[in-house]
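What follows is chain A paired twice: with chain B in the first complex and chain C in the second.
Moving on, here comes the complex of A and B:
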C-alpha cells in the first residue's frame, strides 16, 4: 500500500477509532491519581490516597476475594469440560459433529439475560437459591463455549502422528495422553483457562441475577458504588482492574512466547 | 467389548460432561421458563400452577412493552450501523497495514480485556457535569454553566458503540485477512482504479465478516440492561431492563419468563436467519 490520499484517510480514521476506544479508559486511570475530593476535573494534584483507601476498604477486598475464587473455580471446571469435549470433536469422528458443536456453543447464542433468568428460576425451582453455587454454575455455562472455541482452534494444529508414535512404542492411551498429548496441548489449555477466568472476572450481566444478597464481585461492587456517584475511589478500583485484566493476559502472552522460543519453535 | 465398540464410545464419554452441563444448565432451564411463563403470580406472592395466558397477553399486547421492544431494536440498529461505519475502515487499516501489525492487533484485543462496567462508567468521567468535556468547554468559554450530556439516548448509544466496536472490527478484520490481495492487484492491472477495485472486489468479499460483526453487535446490544442503567435516564429503559425489573424488583417470575422468551424469540430469529444464509462458521472464526 502506498501513501495515496485514500489510504491517508483510512489511516487517520483508524487512529481516531483507537483514540475513541482508549481515551475514556485513559481518563479513568488519570483521575484515579487525582488528589481532589471529587472524582472530576480539574485535577488538583497527584496522589495515591485513593489506592490506599481501596486497600483499607473491607467491602472491596471481599469483592476481590469473591471474584478471584469464582474466576479460578470457573476456569478449572470450564477448562476441564471444554478440553474433554474439544478432544472428542477434534480427535474422533463423531456423528453429527456439527450439531454437537452448535449445541455446545449455544450458551453464547442465547442472550445472557435470558440465560440468567432461565438458570435462576430453574435452580430456584429445584430449591437451589441464589448462592455461590448458582453463581459458579452460571459462570461455567457461559464461559464453556469460549473455552471450547479457543481450545479446538489450537488442538487442530497438534499433529496426530506424535501420539501414534508414542503408542507404537508401547505407551497405553492414558500414558500417551498425560506424557505426549497434554504437554503439547498445554498452551491451548492455559489459553482456555485464562479466557474463562477473565470472562468470569468481568461478568456483570448474569452475576447481578445470580448473586445472593450481600455478596459482591468486583464488577457488581463497582455497579453498586456507581449508584451513589462517581468517586476517585471507583476510578482507582477501575485502574486496579485494568492492571489485572490487561496485565495478566499480556504476561501470559510473553510467557508463552518465551516457552515457544525455548522449544525452538 | 470389541475394540471398535470401545473406540466408538470414547468420544461420547469425553463429550458427556460438557453436553450434560449445557443440557441441564441451559436447555432444561429454557424449557422450564417456557412452562413457567404460563403460570400466574398471585397477589399473595405465590405462583399459581396452571395454563394462564395472562403473562403472554400482557407481554404481546401491552403498548408499554411493545414500544420499549421497538425502541430497543432501534437503538441496537443505530449502534450496529455506527459500529460498521467506524469499524470497517479501522479493520481495513489493520488488515492492510505494513510493519507492526502485531501491535495494532494487540491494541484491538485490549478492549476485550478491559471490564465492560469500567468501559461503560468511563463515559461518566467524560460526559458528566464535572467531566472532561465540560471542563474543557468551560475553560474555553464555549459554555458558562456545565451541560448535562449523560442519561439520554445518545449517551446510551455511545456506551454501546464503545462496548461493541471491537467485535465489529475483529470480525471484519478476520474476513479481510482471508481475501487474497492478488485479487485487488489483478483488478488494478485490468484497469480498475483503487476505489473501483475496493468497491467491486474487496468489499463484496468482506461482507460475510461485516454481517457476522453486525449480528454480534445487534444481538449483544439489544440484550443489555447494564448500559441503560449506567448511562441512560429513567426513560431510556431497554427490553432487558424490563426483564430485570420483573425478575429482581417486582419478583413476578412468570411474567419475567414470558418477557425473557420474547427477547429470545426476537433475537433468536435473527441468529437463525443469519445461520440460514451465512452459516455459523464465519461467526466462530471471529470468536475463536
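Moving on, here comes the complex of A and C:
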C-alpha cells in the first residue's frame, strides 16, 4: 500500500468526492438528534424529541402508511407481471417479442416527468379522475422495467433441459414452474420486488402528478412540509427514510446469501 | 417396458426439414442407438419420441398406443441429457425422488426406491449432498438414477456421455450398458460417437441429413455398410470405383482398377443387384501391410509405397500410394511400424471387402 504521490492524490480526491456525496446525508442524520428547534451547528444537545414528535404527527403517519401500502402493492403487482412477461418473452415464441420487450423497458428510458405528464394528460383525455388505483398503476409502469430486466437475465441462464427433465418425470407445466423454475429464479424475483418497493417508496416526481387530492406519500409529505418551514422533524423523517431504503436491500442481500449457503454454496 | 414405433414421421421447422419421412420399430427391451453427425436429425427424433417436439406428420406409438397427443409428463419416460440437468436446488435424494412424487408411491416406498436406485448407480452415500458437490460422472449417474427410478416404459438418452472426459466416458459406457441389461428397459440412445454406438447397441440406426441410412446390428452396420456415408462414418474406409461384371449364386465379381478381379461374397454386397458401375469398400483395418514377396493363400496382394506413418501405440495408420491412388491402412503392430517410403505389399482378403451400387 501507500504508493507514490499520485496515488495519494487520487485517494484524497476520492475521499473528497465521497464527502461531497454523503456529508449532506450525515448532516441530516446528525441534526435529527439535535435538541434545538433550529437546524444549526453547534448542536445544543442530544435528543430524540423529533422522533417522538414524528411518531405523534398524524399526517406523517398517514403518509407513511400510504407509502408502505403503495410500495407493497407496487412490488407485488410489478413482480407478478414482470415474472409472467419474462416467462413469455424468454420461454415462449411470442410474435414481435423484441418490440414488446423494448416497449416494456421504455419507461426507464423516458424522463420521469415526461412519463408523468403523459399519463396525466392521457387520463384527462379519457375523463378519468385521479385515484389511488391510478397512482398505483403509474408506479407499476415505471417499476416494471427493473423487475423484467432482473428476472429476464436470470431466466435466460436457467437451462431449458432442467424444466424438460421435470416434465419427463411427470410434473405438468404448472408443477414444473413452481417446483423448478420459480425456486431457481427466486433470487432475481426477490431482487426485483425489492427494487420495485424502494423505487415506489422513494418516488416523488410521478407521485406529485398522479396522486389524488388528500393522499400524501412520505416524499410528497416531506415536500409539502419543506414549503412551509424546515422543521427538525423532517431531519428525523429523513433518517428513518435512509434507514429503510438502505437497510431493506442490505437485509435482502443477507437473506439471499443465507439461502445460497443452505444449498451448499 | 414397451416397444417404440415411428410411422412415417416427418419434422419440419419452417421450410427446413429436420427429419424426412422415417419409420422405425424399436422392439421391447432393445438398446437402439441413433448415430450420426450433428444436424442429422437424431436428437430431433429423440425429442419427438419424448414429446418435447411434435412431429409435423406421422405417428408415434409407445407400447402399441398412439402417443402423438399425449404430453410429455404423461408418457412415463426416463430422459437423460448431455448436461445432466439435475435440479441444483434439490439434494441428490430429492432429485431422484422427484418423479415418484407424481406417482402413487408411499413415503416409505419412495425412500426405499431412491436408495435402491442410488445403489444401482453405485453412489449410495451421496443422498444428502447437492449436485454441485459431485463430479460430472457422478452427476450423470444421479441423472440416470432419477430417470430409471420411475420405472419408465422407455429410457431416452441424449448424448449422455459426451460431456465426460475420455477415460470416464469409457467406464460410464460399460456401466450404462450393465444397468440397462439389469433392468431390461427399452432404450433409445443418441450419439455421434461410433465407438459408443458399436459397443453398446443391439441395433444401430445410422442417420444423415434427416434420413435413415441403415438399420442393423453393430457388426452388420460395420462390416456391410449400406451406403458410402455409413462406410465413411463408421471407421475409416477406402472407397474405390469398380465394375460389377458377374453375379453368381453366392458371389459377386468386381473389376477393380488396382486389384484386378475380386470375387466377394454376395452377403457383403446385398444392395448390388445389377451388373455395371459399383463401389468397392475396403476397411482400413482389413488392408494388411506386409513385406513384399510373401503371398498367402486366398489373399490378393498388390505393391504399394508407404507415404506417411501415423503411429498410435498399439496400432499404426499408414497412408499408402498405389499408382496415383492413396489408400489408408490401420494395422495392429508388434514393435515398430514400417518406415516412411518403404516399398511393401498390401494384402486383402476378398471376403473382407464390401460393395455398393454406384451413386
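The rule is short, and it goes like this: the second predicted complex is superposed on the first by the 251 of 265 C-alpha atoms of A that agree within 3 Å, B and C clash if a C-alpha of one lies under 4 Å from a C-alpha of the other, contacts with A are read in each partner's own complex, and residues count from 1 in each chain.
Keep in mind that, in the parts below, a contact is a pair of C-beta atoms (placed from the backbone, for glycine too) under 8 Å apart; a residue touches a chain by one contact, two chains touch by 3 or more.
What you are looking at is a predicted structure, and each value in this text was computed from that prediction instead of being measured.
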Chain A as common anchor, with chain B and chain C clashing or fitting: fit
First, second, both or neither for A:167, with chain B first and chain C second: second
Contacts of A:240 with chain B and chain C, given as first, second, both or neither: neither
Partner chain in contact with A:73 - chain B first, chain C second, else both or neither: neither
Vertex chain A; arms to chain B and chain C (CA centroids, nearest 10 degrees): 100
Touched partner set for A:184, first chain B, second chain C, both or neither: second
Which of chain B and chain C A:159 touches, first, second, both or neither: second
In the superposition, chain B vs chain C on chain A residues touched: B
Touched partner set for A:128, first chain B, second chain C, both or neither: neither
A:256 touches, of chain B and chain C: first, second, both or neither? neither
Distance of closest approach, chain C and chain B, by C-alpha atoms in Å: 6
Complex interface listing, chain B residues touching chain A: 7, 10-12, 14-15, 17-19, 21-22, 25-30, 32-33, 36, 86-87, 89-90, 92-94, 96-98, 107, 110-111, 113-119, 121-126, 128, 130-132, 134-135, 162, 165-166, 169, 194-195, 219, 222-226, 229-230, 240, 243-244, 247-248, 253, 256-257, 260-261, 263-264, 267-268, 271, 280, 284, 287-288
Contact set on chain A toward chain B in their complex: 1, 4, 6, 9-11, 13-14, 17-18, 20-25, 27-28, 31, 38-42, 80-82, 84-85, 87-89, 91-94, 100, 102-115, 117-123, 125, 137-138, 140-141, 144, 146, 148-150, 152-153, 198, 201-202, 204-205, 208-209, 218-219, 222-223, 226, 230, 234-235, 238, 241-242, 245-246, 249
Of chain A, residues touching chain C in the complex: 159, 161-162, 164-173, 175-176, 179-180, 183-184, 263-265
Residues of chain C that touch chain A when the two form their complex: 50, 52, 71-79, 81, 83, 85-89, 98-99, 101-103, 129-130, 132-133, 143, 146-147, 150, 156
